[in-house]
Every structure is written in C-alpha cells, then in structure tokens.
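Chain naming follows the written order as A, B and C, and within any one chain the residues start at number 1.
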Amino acid sequence: MAIRLEHIYKSFGPVPVLKDVDLEFPEREFITLVGPSGCGKTTLLRILAGLETASSGAIYHGAQRVSDLAPGKRDVAMVFQSYALYPHMNVHGNIGYGLKVRGTPRDEIDRRVREVARVLEIEHLLDRKPKQLSGGQRQRVALGRAMVRKPWLFLMDEPLSNLDAKLRVTMRGELKRFHLRLEATTVYVTHDQLEAMTMSDKIAVMDQGVVQQYATPAEIYDRPANTFVAGFIGSPPMNFVAGAAIADGRVEIACGNGARARIALSPLAAGADRPVLLGVRPQDLRVHPSRQDDAIAARVSLVQLLGSEKLIDLSFGDGRELTAQVKADAQLAVGDAVWLTFDPSRLHLFDPDSGRNLRP
Amino acid sequence: MKVFDLIRSALAWLTLLLVTFLMCFPLIWAMSTSVKPPKDVMATPPRVIPQEFTIENYRNLITGKQQYFRADQAYVPTTSAPQHFTSWFANSVIVSVGSTAISIVISTLAAYSVTRFRYRGRRIIPYFSLLGYMIPSIILVFPMFMVMSELRLTNTLWSLTFGYVSITLPFSMWLLWAFFRGIPVELEEAAMIDGASRLRVFIDIVLPSALPGIIAAAIFSLIVSWNDFLFARVFINSIENLPLTVGVMHFFEGVHVDWGLMMASAVLMTVPMAVLFMLMQRHLVAGFGAGAVKG
Amino acid sequence: MLFIVPFAIAALIFMVYPVAEAVRLAFYDHNPLRPDASEFIGLENFRTIFADPLFWQSFRQAAIWTFASIVLQTVIGVALALLLHLPLRGISIFRGLLLFPYIVPTVVIALILQWMLNAEIGVVNWSLRGAGVIDDNVYWLATPSMAMLSTILLNVWKYTPFVTICVLARLQTIPLELYDAAKVDGAGALRRFVDITLPQLAEVLVVVVIFRTIWTFNKFEEIYLLTKGGPGTSTFNLAIYSFEQSVANLKMGVGAATGVVMMMLLFAGSLLYMRVFRFAEDDSA
C-alpha cells in the first residue's frame, strides 16, 4: 500500500507554500523531504499527518482517500522537532498516551511501553518527568511514543537538529535501524543533506514549495535535475563554471588573458553554440602541478586540511573561484600554479537560465 | 467543515459580546443615568439610551452649584456636596500622584540595590515586601492614624500621601524586583568599562531598561491610591480635604438622593482610571505577568 | 548599598511600626478619644472577642462570602480566559474591556450597584419583573441573604478579571506542539482539554486561588460600601467587625485584637502560599 500525494497545493492566506506536489511513497521505504528553510517540507509533513489540510489536492493511503481524516484516524505517528513531551506526565505516561486514548487495557499498555523502553534503552527512566531528562533522552521518549503504537506511517520533523554533532551521527544509524524494525513507511524531514543521503531510500528535494527532484540518493547525486539540487546535495557543494558549448561537442571556458580551455564531452543533448553552466564536484576536479592540454590554469588561494583529504580553493581567469578536494598527501601550497582537468563522465551541464540539467 | 467553524466562531463572538455587555453594564447604566434629566431618572420603563440628554449633572458638579429638590412648596437642598466636588477631585489627584512618586522612587532604588549588591538579608527583602502587601489596610489604618496624630498631620493631604505609601510600596517593590532581575548585569558592566560612574549607569542604562516595570508599578500605585476609601475615611474629617472616594459617599446625606448627580460623579471618578487603563493596557498586563502571576 | 536606605526607613515607618502597634494595641484598652487613659489589660480583649457571638458570626459569614466568591471567580475566570484565548479577530478589544472592572474604584461600583439594585426604582428589579423572572421586587440590600448575594456579586464582578489575566497568561505559554502531538496520538478536543490544558492550568490556579482567598477573606470596602455590614450584622466579616469595634464602640483594643486574629489567619494562609508558590516556581524551571 503506497502513499500518494496528488497535486497538493497549499497557501496560508495569500502566501503560497506548496505548489503542485505530486509524490508516491512506496510502502516500507524511508523517504526524506529535504530543502532549505521555508521550502515547505514541514508543511507537507503536517499535511501528511492531518495537522493541516491542503488547499487542494488529495492524499491516499493505498486506495483509501485520507485527505479529510483527523490525525488520530490515519494510523500515523509523529516525532516533533521539539519532541512535544507532555510535561506533567512521566515517561511511561508519555509513551503510553496514544494507547490510553485508544482504550487499550492498562496491563497491555504497560507491557508495550516497557517493551519499547527496553529497545530504546530508557527503561530506567520510566518514572521521570520530561524536565528531568537530557536532550538525547527526551528524543528517545518521543521516539518511543511514536513507536509503541506500531503505526503504519512514521513521520519525523527534524528530530536530530537539537542534538549535538556527535550524538547526531550515532542517532542517524539508530533511526534507520528503528525504521527497519518497525517495517513502517517513514517520511523524514530535514535540512541536512547528509542525513538525507545516508538514511533514505528516496529523497524529495524541495525549494520554494516545489519538488525539484524525487529520486534515489544515487540518482540525485549523479544526475541532479537542476542547479539547485546539484548545489544543495553533496558536500562540499558543486562548482559551477560558466562556459559556451561549441559545435564539435566540446565546452569552452574562458580562463582569462585570452586563453581558452576546451573540454571534450560526450554529445550534447541540446544544440551547439549556446552558453552553458558547467557543474563539477570538488572530488571530480583533478589538480596537476604541471601544464596539461586543455586544462584551466589556476592558482591556489587556500588550503584546508580535513583529515584524510584536503580542500583547495583555486582562483583562475579574472577572479573566478573553484574548490577541489584532493588527498591529504598532495603537496600544494598557497600561491602555487596548477592546471585543472575534468573527467568528462563526471561533468554536468546546466542551462544557465533555467538551471535545468541538459544531459539528464 | 467551514460552515461548522463559522458557527463556532459566531457562537464565541456572541458569548463574548454578551459577557462584555454584562460586565460593562453597570458603567453603561451609570453613564446613561447621569445624562438624563431628573424626571427621566426615575421614570419607568427605564431606558438605556435616554430620550433627552442633559449635562446638567456634570455642570453642577464642576461648578459646585447647590442642588435643590422641590418638595411641595419649599425647595429643599438635596445634599451639601456638589460645591466640593472639584476640591475632592484635585485632592485625589494630588494624593495619588504624590504617593506614587514617593513609592516609585523608593522601590526603584530598593529593587536595584537588592538585585545588584551583595549584603546579608537581601534575598528576603522582596518576600518581606510581598508579605507587607498582603496585610489588609484595616489593620494598618488605626496605628497609622495614631502616627499621623503624633505628627500633627491628620486631616491634611500629607497624611494620605504618606499613608498610601504604606499600601503601594510593597507591591511596587515586588514588581520592580522581578523586573530588575530580568535586566542583564552585562549591560551595566559594559557601560562601566566604557567609563561611566555607577550613578550614570543607573540613569542612562538601567532606568530605560526598567521603564516598562516602572510604568506598571506606577499605574498600579496610582490605581490603588485613587481607589482607597478606608484611609481617607479615618484620616480626614473636614469635607474640603476629602478625596473623591469618601466625598461621594456624602451624596447619601440629605433628604432626597439625587441619583443623576451621583452617577455623574461616579463616571467622573472613573474617567481618569479609564484613561490610564487605555493608555497603558499593554504595560499593565506585562507587569502583572512578571509579578502578579506569582504574586 | 545606600539605595536600600529609603526603603528601609519607609518600611520601618509604614510597615513594621503600624503592624507592631496594631499588635501592641490588642493588649490594651484604648479609647481613641481618650488616648491617655490607655491601660494594659493583657489577653482580655481576646477573651472578649472569642466570647462574642457577633465575632463568630462575622467569621462564619466571612468564610461563606470568601468561598462563594472564590468559586465563582475561578469558574467564570477560567471560562473567560478560554474564551479570550480563541484566535478570533479583534479579540484584543475584548481583552481590554473585560479587564476594566479591576481598576474601577470600589466606591464607584458600590454606588452604581446601590442604584441598580434599588428595590423600587432600580433597573435590575424592573428588568427581572419585565422578563417574568420575579413577581415582586427583590430587596437586594435589605434582606440578609440578598445582601450577602449582592456583596458576592460585587466581589465577583470586580476581581474575576484578575483570575482571567493570570489564566490567560498561562494559556498563552502552552506550546502548541503539545496539542499537535495529542491530535496525532488520537485525542479529541475534550480529551486534549483535560489532559493538556487543565494540568497546565492547575499550577497557576492553585497559586491564584490561595492568593485570592487570603485577599478576599479580609476585604473591607467591598462589603462596607454596599451594605455597611447590614442589614443589621448579616454581612459582617472580620474586617468590618474590627472597624465597628474601633470606630463605633470606641474600643480600639478590641478592634486591634480582631486584627491580630486576622493576621494569624493571614500568616497561616501565606505560609501555605509560599510553599505552593515555591513548588510551582521549581516546577516550571
């Protein structure tokens, strides 16, 4: 039973927040809605939960239309960004509240709460009140409250953003494991592209209320649909260089002082003789200490050691900048003259005006 | 769904209107009575919106004209009060403003002191103040009267001005303490590093930040002083020195109770409070939020 | 350091001294018109008041008056706060208007009520008769039970806004996400009110109720200005009893003794209040 969002539009008063969102979430998959603040991802999640209603469009759970159902009737559980734990109930009461509301008998509530608490390793906290817990513990309680009902749809609104960096890394793995254990469909909202990439089966990248691309992480990484997706996913972000496509299937880049680099590419999808935006990830930029044919001449402006890798800032032409990621043992210093080449299979071409990928 | 929401909103609106009307009705009725000519005041059926309007009552109060009531052949004075109304009003203003000024100065200095300096017992002072606030004025009034007698201040406005300090100071102190606690010390430290003396820091930095709290405390003090009855009743015995609260009770003397006049005086007595309230509504709720929800 | 000095002086003269004097007077026979004849009589005043049936009647009436007032203030106050919490347009106007009674001088509302409740020509009786609710005029201020009711009415009218402000302030701090979580958990509107709103309100209500009870028990003007404690002594409370002893009977010592009793009750009440207030403050930390 898949979840379908059909042509969802949402406006708050005169302000449009979601435009024609049309998505299908296969059963039991982990779907992430990712995008910058204000892109509409949280609103979409709330519409899925039933906390907001779409201005137009419909939601289906399988064949059943659920757009008008109250949240309590959708077999949905949600983990909120601020956890929203009931302050005057202890952990046991918090986790069991959904069961209590549904009239589950007391001993069964107790059994299920304890089971979930054991899995989350918070059994020793069952008598405490939320204000006596740390951030990580509160998050587990929020998870427990969602998990104990064994929901069919599991929603999470940036659950890791309030945790410190180290805890976040651990929790990413834990959340994925819980998802697999629950065998539920999970829709996860975050602004962190790394979380999206590492945890999801499919990602919907959103910007300004529109779904920019909906695909698997690999597809999004290797074949971004437009410059927004290309620049948003992947760290450090993709380099964009303006150039012009020429008739013989190559792209010409002005390197300053009249020099031009000509880069060979597989045949273009669009016609020749047009301006293009070249996209290359820092990891795919080759830095050579000696002159190469059809390479861009550049100068090193900054070197940052990341550990096993180095981040090199390069300037070329008349003040244009590129970033390259190389192995840490590369001998490069600020001011060095280098030559840059690209692997043609790792290049992307975008239309400078629309941002659309010209070779999807 | 939309229709249901509309009905619910409409119901809520109606309830609110009804409740507000009931709550405000006494004042509406007073205003209505005060602008009716004497024959309409007692007329039945009573009408909320008068058929005829007159400002006779207000004019009499402000000019102090003696009221007369025609009983058969003779004109009998209704009360002796109207000619003193303006004095009462002035007295109320003087006493309220005076005691508020004193209270605010004292409590501002005290609240600042308690939150910024270290000395023994500074922590209990605010709670001690709160306790003082809870002592009913009936207990304080007679000993205070004796103090005023000793100082030969009875029957003067000074006695009231100082007397009201005793009922306004405690809560002002409590409220301002809560406010000063919320002002970060770093602001003053930054100013002192910039070279300002403590006094300068107090005037240039602290006072402006504490202004909302000071305004709230001032409003509170003004209201309490303006509204007090007991102290004035006990301290003052000559009619010209009375404030409004006790003064208007004199309207009950005399052969005939002139309700129109009384309602007019009630309205005039409330107007300053209403103005104060409207101007400072935001500050009042904020101030209460800081201090009164806990106190 | 020096800043505290004015406060210390003022507190001494205007708070500490009067209270000390009030306590001292309780042990003396003091006629205000003949201050020099004051003499120490130990616990005699206390014996007098505890043996006086009027004292106990006043106490009883004060308790009834306080209880009825507080119950009404709380129920109506909470209801109004809930109403004012709704996201309706223009609601701030209502918030302002409904707070107004709190700042109206007690004298004013007492005067107006005397006029409105006038048995023959007051608007209340006229409206009730016109609506068919009553047949004869009700003597709002001239019969004991009605007078009690009228004074309760005045008290509720004037002080319910205080409860409303406090409750409303609390309502506005409840995070909306709690309601979202409850909705997702499946709780309906009534359930959400009982499980989320009420517990949050309970904290502030306990504090407010205790505070208002202490306050209401010792009120003087709200009753005196409407009924002077009458008819007869049917609306006496301890404050009026004390006043009458000092002013009408010229026995300031007896009045002061009553004041001491009031202070003891007050003290007990405020200890309870402090305990609860500390508790409530820690709870929200």
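Operating definition for what follows: a contact is a pair of C-beta atoms (placed from the backbone, for glycine too) under 8 Å apart; a residue touches a chain by one contact, two chains touch by 3 or more.
Computed from a prediction, not measured in an experiment: that's the story for all the values here.
Identification of common neighbours of chain A and chain C yields an empty set. Ranked by separation of Cα centres from chain C, the top chain is A. Chain A and chain B have Cα centroids separated by 60 Å. Inter-chain spacing, taken between the CA centroids of chain B and chain C, is 17 Å.
Every residue of chain B that touches chain C in the complex is listed here, in rising order: 9, 12-13, 15-16, 19-20, 23-24, 26-27, 29-30, 33, 42, 44-46, 102, 105-107, 109-110, 112-114, 117, 119, 122, 125, 127-129, 131-132, 134-140, 142-147, 162, 165-166, 169-170, 173, 223, 226-227, 229-230, 234, 244-245, 248-249, 259, 262-263, 266, 269-270, 273-274, 276-278, 281, 284-285, 288-289, 292-295. Those residues of chain A that touch chain C in the complex are listed here as 46, 49-51, 70-73, 76-78, 80, 82, 84-88, 97-98, 101-102, 131, 145, 149.
Interface residues of chain C, counted against chain A in their complex, comprise 175, 177-178, 180-188, 191, 195-196, 199-200, 285. By the touch criterion given at the top, residues 1-4, 6-7, 10-11, 13-15, 17-19, 21-22, 25, 32, 35, 80, 83-84, 86, 88, 91, 94, 96-101, 103-109, 111-113, 115-116, 121, 123, 126, 130, 157, 162, 165-166, 169-170, 204, 207-208, 211, 214-215, 218-221, 224-225, 239, 242-243, 246-247, 252, 255-256, 259, 262-263, 266, 270, 274, 277, 280-281 of chain C touch chain B in their complex.
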